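One chain, subunit A, appears in both complexes that follow, with subunit B as partner in the first and subunit C in the second.
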Partner chain A sequence: MKHHSVLKVAGLGAAIVVAAGVLTSCAASGAGDNEGKAEGSSTLRVTLANHVWTDIVKEKISDFEDESGLTVELTQLGEDQLSDQYNVKLNAGSDEIDVMMYRPLQEGKLFAENGYLADLTDRTADGGDWDFDDFQAGPVEATTYDDKVVGVPTITEQEVLYYRTDLLEAAGVEVPTTLDELEAAAKAVSEANPGVAGFVARTGKSAAVTQFSSYLFSFGGDFIDKDGNSAIDSPEARKAFEYYGGLLHNYGPENVSTDMSWPEAAAIFAQGNAAFYTDASSLYKNLTEAENSTVSDSVGFAPFPEGPEGSKPYNVPSWALGVNAASENQDNAWKFIQWATSPEMTLEIQQAGVPGARDSVWANEEGTASFPADLAKAVAIGSETGVGYDRPLVKSVAEAREIVGMPIVVAITGGDMDAAIAEAHEGFQKFLDGEK
Partner chain B sequence: MTTTIEELATPDVTPGPRSTPRPRRRKVASYSIFRVVMLTLVVLTFLAPLVWMVLASFKTNVDIYNPAAALVFTPTLGNYETVFGQANYLQYIFNSFWIGFASTVLSLVLGLPAAYSMSRFVMKKSAGLVLMARVIPGVSLLVPWYFIFSNLKLVGGYEVLILSHMFVALPLIVFIMMSFFDSLPVELEEQAQVDGLTPIGAFLRIALPLSVPGVATAGILSFIFSWNNFMFALVLSGSKTKTLPVAIFDFVAYASIDWGGLMAAAVVITVPIMVIALFTQKYIVSGLTAGATKG
Partner chain C sequence: MTTVINRQRNGRSSFSQWANKHRKWVLAAPAMLFVALLIAFPVGWTLYLSFTDASGSVRAPADFIGLENYASVLTDTDRFWPAVGRTVLFTGGALLFEMILGMCIALLLWRPFRGEKWVRIAILLPLVATPVAVGMMWRLIFDPQMGFANQLLSWFGLPPQPWLSGQESALTTLIFVDIWQWTPMVVLILLAGLTSLSDEPDEASRVDGANAWQRFWYITFPLVMPTFITAILLRGIDALKTFDILYATKGKGGGSFNEVETLNVYAYGLSFDYNKYGQSSTVLILFFMMIIGCIWLLTARKKRSES
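Our next item is the complex of A and B:
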């Protein structure tokens, strides 16, 4: 009997404590909500990704706080961690995030469709001097969903061709302007320099998709056709798969691994083991800074080479700022976004080497002065001819990338392309049907 | 960290052909050569990444990728300066330590009596229920947890992290301690009750002091789990309560990765827990096998 009564008392006690705790917290949070609704909290919660862009903005946040009288609470995370956080927090309807930095192409469609992102159409239209029309068309398209603006692009990137000036000079090879010339040049340089690969790029199934996209577009192909069906079995797409994989198969590093993303591919170039490398313009500091690269003095930049359909690199916003639809502090969140994407801030950030999305800043000499001249030129050409996306525009981007990336890997290893493309096409079509 | 535990456990697990009566000399010799070779292999396999990590933490990013500079390079302390200066790791070390300590102590306070009662008063269903907590993948609970805790305005504080880590620690402690209490003879406590102790008194004065090695094992393991836990802290911590495994990802940025800083931070995270594990390995191993051979 004794045990029983002791246990009962303990159990009851615990239940009372828990219940009381829950009640008081609810009461407390209820009061907080009312206060917040009156005129928006003076504390603004901003979630940003680890990026040079963020480092610069962080230094300046005190200016914003002085101007606006708001207090900014900043959370900073790596891109995948950030993504995980959003998925959990926004799914739970959290109002604990006001301003959110997100990847329009990777998760924009999903977030917009789930209603996580507030509609900013009216706010961007009434921007006044802030001038939303100044933003590049490709990136704006990527932050627009169902004709509603849901984000403001902050950082853009294009695919460019990196090359080794010293190796090209020694082999007497001109900088290639077409894909055919690129193949010939890769061959010539690799033959002249045993042990050095002619060409390197991402080889991982999912990682390579974005960098492969420029080849696909330049050959005249696309991931999805106008009717929303898989287009990866078109003759153009096939040529692109074979070209990209063939370059790596024939002139790539020996025994090339098939799960390289940019850190691995860039490292091969930075260690002086490859002559050509195509990847995002935003990566150039990994190649041109002496602490990261042994070839920092001899890196050249060129616009993405022309294919049968011309030079069509992607020109995408890698990051954008949005407002959490569940936030009760949207007016202040918008103030922050306007401040962080103002022409002055964009110029300042671009001067630190982060390509922005404003045409006026790219037209401004001060805006391009900090970039290596050739890189600035390559980027400028890329933004004119570029395509506004670099991966299939679907909800489950990660899954789609796995499917369409498979033939790339098969092409790199020199496998059966007919079977690979047929399988990927069928899988991708099924995937697209499932999303409809 | 599980690797460390396995590694430490290896010598004790080796079967004992010594017990075979009068082994031949040649057999002994070849066996000991085999043993040395296999042990070296295992130790090398486990040590290689650790050695690489420590070496890389003293290199610049260029040297990390350069195979020629694998062993011969000019060491730099820059990475550690980043970790303790710019990246404010002392705060994260404190966070990890405090959350690990508090969740372990609280789990012990709740878990020891629970384990004792489950062991002494056949409570199979409760035991099964506790085991469920080990079976359910933590990730499936994250969304509901986040929802509840954010409505309680607790997200970002130490309380919620301590609570979530207790979710892992408590079942672990209950299960280790249950088998430990099972192996203690009931007669001791019965005798204590004959001598005038209450059942609770018998637990506190007789059973608990006798099970200190088990408590140490359970406590150390639960601290290690908390120290290494990434998932709960990722979602439930705030910028001020970030723990080490989450903070380490700050070295991975979009379009740039500071490998050197990353490795220095990894050393900072690994060394304390390895030191703890080394000094307490006899408890960990004996506790893990406690009750393993009971009939």
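Our next item is the complex of A and C:
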């Protein structure tokens, strides 16, 4: 009898579990019918990166919701978390993301090749007043894969030189226009102000690569040569490695960390601990807003200094919007992208300080009026002479950046450059052979 | 009619007889199913991936390449073996100090004293903090330019140190952070072991004139040994698997020189940065085998000490 009751209890328990399972699965599929599947699903899932651009768009999303009758479910993540999230969800073929903000130069090739990004060619061509032809050619090239448009560029950036007007004035130093002058000025200012570094920039192996690229191009070097082979052991590249690393080694902050990306480097400048800083133009608000910066009143902007080959900063689309190929809500996703990248929105966002990718906005005086005059000038010059990429254009960008970034770090710490460049060159060639 | 009913009855009773006979299996089945689904499947899948050249996308077709991944990983003296070394060093260093410090603190807290409650709460504080928050906090404290650690040194006239940003000092600094956070857990476990001991052997040795050290070394320590080994086991496995504070302080790849890249950080980078799922799985399977080896050694030791 006792045994039987044990069985009964177990049977009853099992029945409850099974019933609950069936019920929840019904509920789940029911919800799916209403939300995920239908083309006209009213909830749009948008994933954006932490950026000033996102902050501006976020405030306006209610306008889009009123206009379209859709509900936007927004997920906002830091760059690294965003990459991880895409890696997990897109790998699994999840339809939980409709609109995705991504980095065309970092992940574009990989995502497009994996089929994560929906083909937008027809939609962009039929854009009408939205006018895809208005977008700058360079950025559009970066969001095109195999002749198919897979994204719409949103933010562009160039590398510029930030400097402290007060420190330069006190030391009687002119704003440098060449890399030689920059080195001399960094030396002079750091000697006149003990405790203040002459120069700061990104130092992390991978993070520094994009900012180092402008130095590399201005010295006449490149990451990859015309035949697709490693070019980082050229004499020009070597000079660039030694120059960038040397500036930080000799005039950089004391005990400088070799893990710095832009938040750390910008913080050192914003705390008043450095005289010169080179980084993306789109970061200027971190230095000029009093809430982020103790030197907000004395930040100057200059075009990227000239090297032996002139001033050749990168001029790249840093972010774009794409549609998840597995999304079942692609029509609405496209509506959102059209809204967020419309000429009016692009103008408004640019007026708030984030450089856009539309020619018409740059041609419009209203579009540049809000930038500090020197910054607008620096950006305009950079756009003319700039190079359309800032990292090796390969499929596995993260791995490539770690390889070509190693000599930068070795130069910063004052290590053996011959060995570092030889090793990186060999590693990079092997990597490129593997990608072919 | 009756035969049919009888047959049904027979059928039912034979099922219930069978179920009763295998009662332990029937009742344990849901739990076993759960384990199989949530543990065995991911491990099995990882094992499968480790024999393929899966990369780029998990959904992309991958070729079965046998032991090629194992051969390339095991001969990789650039990243894999240094990562093994760092994993062992980090775990060994942290564990050694945590066990010694933990034992000392547990002995101090063993006998009741005034304000005991407050001291216990204070000691447990690091344990309840989220590891990522702990990582961020220490990163700020150890910042070479703005951090408190270098300011503290300057008050004593000492030169600033690179701490987390130094190639040589980063791993040691992180061992310190791990000790700061996890010693309280060792204290808790050892204290539980100590309080369950009976007083008689200790009193008997006092009567025999043993001094404090002799009483600890010959009486208390051997008695608390099973708990001590349990603590080593729990903390050791946890320390081997450490990821959060390493990633929160040094980011992907464990710093520009891979100075704190342990096996976990390496496998993470291989899969999330490089999208090399096959190789990453191989590293994880080898790591898994390492951990199982450690557990096996320690449990064997524990059984011996218990018998």
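To be clear about the criterion, the second predicted complex is superposed on the first by the 396 of 436 C-alpha atoms of A that agree within 3 Å, B and C clash if a C-alpha of one lies under 4 Å from a C-alpha of the other, contacts with A are read in each partner's own complex, and residues count from 1 in each chain.
Here is the rule we go by: a contact is a pair of C-beta atoms (placed from the backbone, for glycine too) under 8 Å apart; a residue touches a chain by one contact, two chains touch by 3 or more.
Note that this is a predicted model, so its numbers are computed, not measured.
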Look at A:84 in the shared chain and tell me whether it touches subunit B only, subunit C only, both, or neither; answer first, second, both or neither. both
Let me test your reading of the model: by the given contact rule, A:319 touches which partner, first (subunit B), second (subunit C), both or neither? first
Touching A:413 in the superposition: subunit B (first), subunit C (second), both, neither? second
With the two structures laid over each other on chain A, which partner does A:263 touch: subunit B (first), subunit C (second), both, or neither? first
First (subunit B), second (subunit C), both or neither touched by A:203: second
Of the partners subunit B and subunit C, which touch A:271 in the superposed model: first, second, both, neither? both
Report for A:363: first if it touches subunit B alone, second if subunit C alone, otherwise both or neither. neither
By the touch definition at the top of the document, which applies to A:253: first (subunit B), second (subunit C), both, or neither? second
Take the contacts of subunit A with subunit B and those with subunit C, and give the residues found in both. 3, 6, 80, 84, 91-93, 267, 271
Interface with subunit A, subunit C side, in the complex: residues 16, 19-20, 23, 26-27, 30, 56-60, 143-146, 150, 160-162, 164-167, 250-253, 255-257, 271-275
Residues of subunit A touching subunit C in their complex? 3-4, 6-7, 10, 14, 17, 80, 83-84, 87, 90-93, 110, 113-116, 203-206, 253-259, 267-268, 271, 273, 395-396, 398-399, 402, 405-406, 409, 413
Complex contact set, residues of subunit A against subunit B: 2-3, 6, 22, 25-26, 28-29, 32, 49-52, 73-81, 84-85, 88-89, 91-94, 96, 262-263, 267, 270-271, 280, 282-283, 285-286, 290-294, 318-319
Contact footprint of subunit A on subunit B as seen in their complex: 60-62, 65-66, 121, 142-143, 146-147, 150-155, 199-200, 234-235, 238-239, 246, 249-250, 252-257
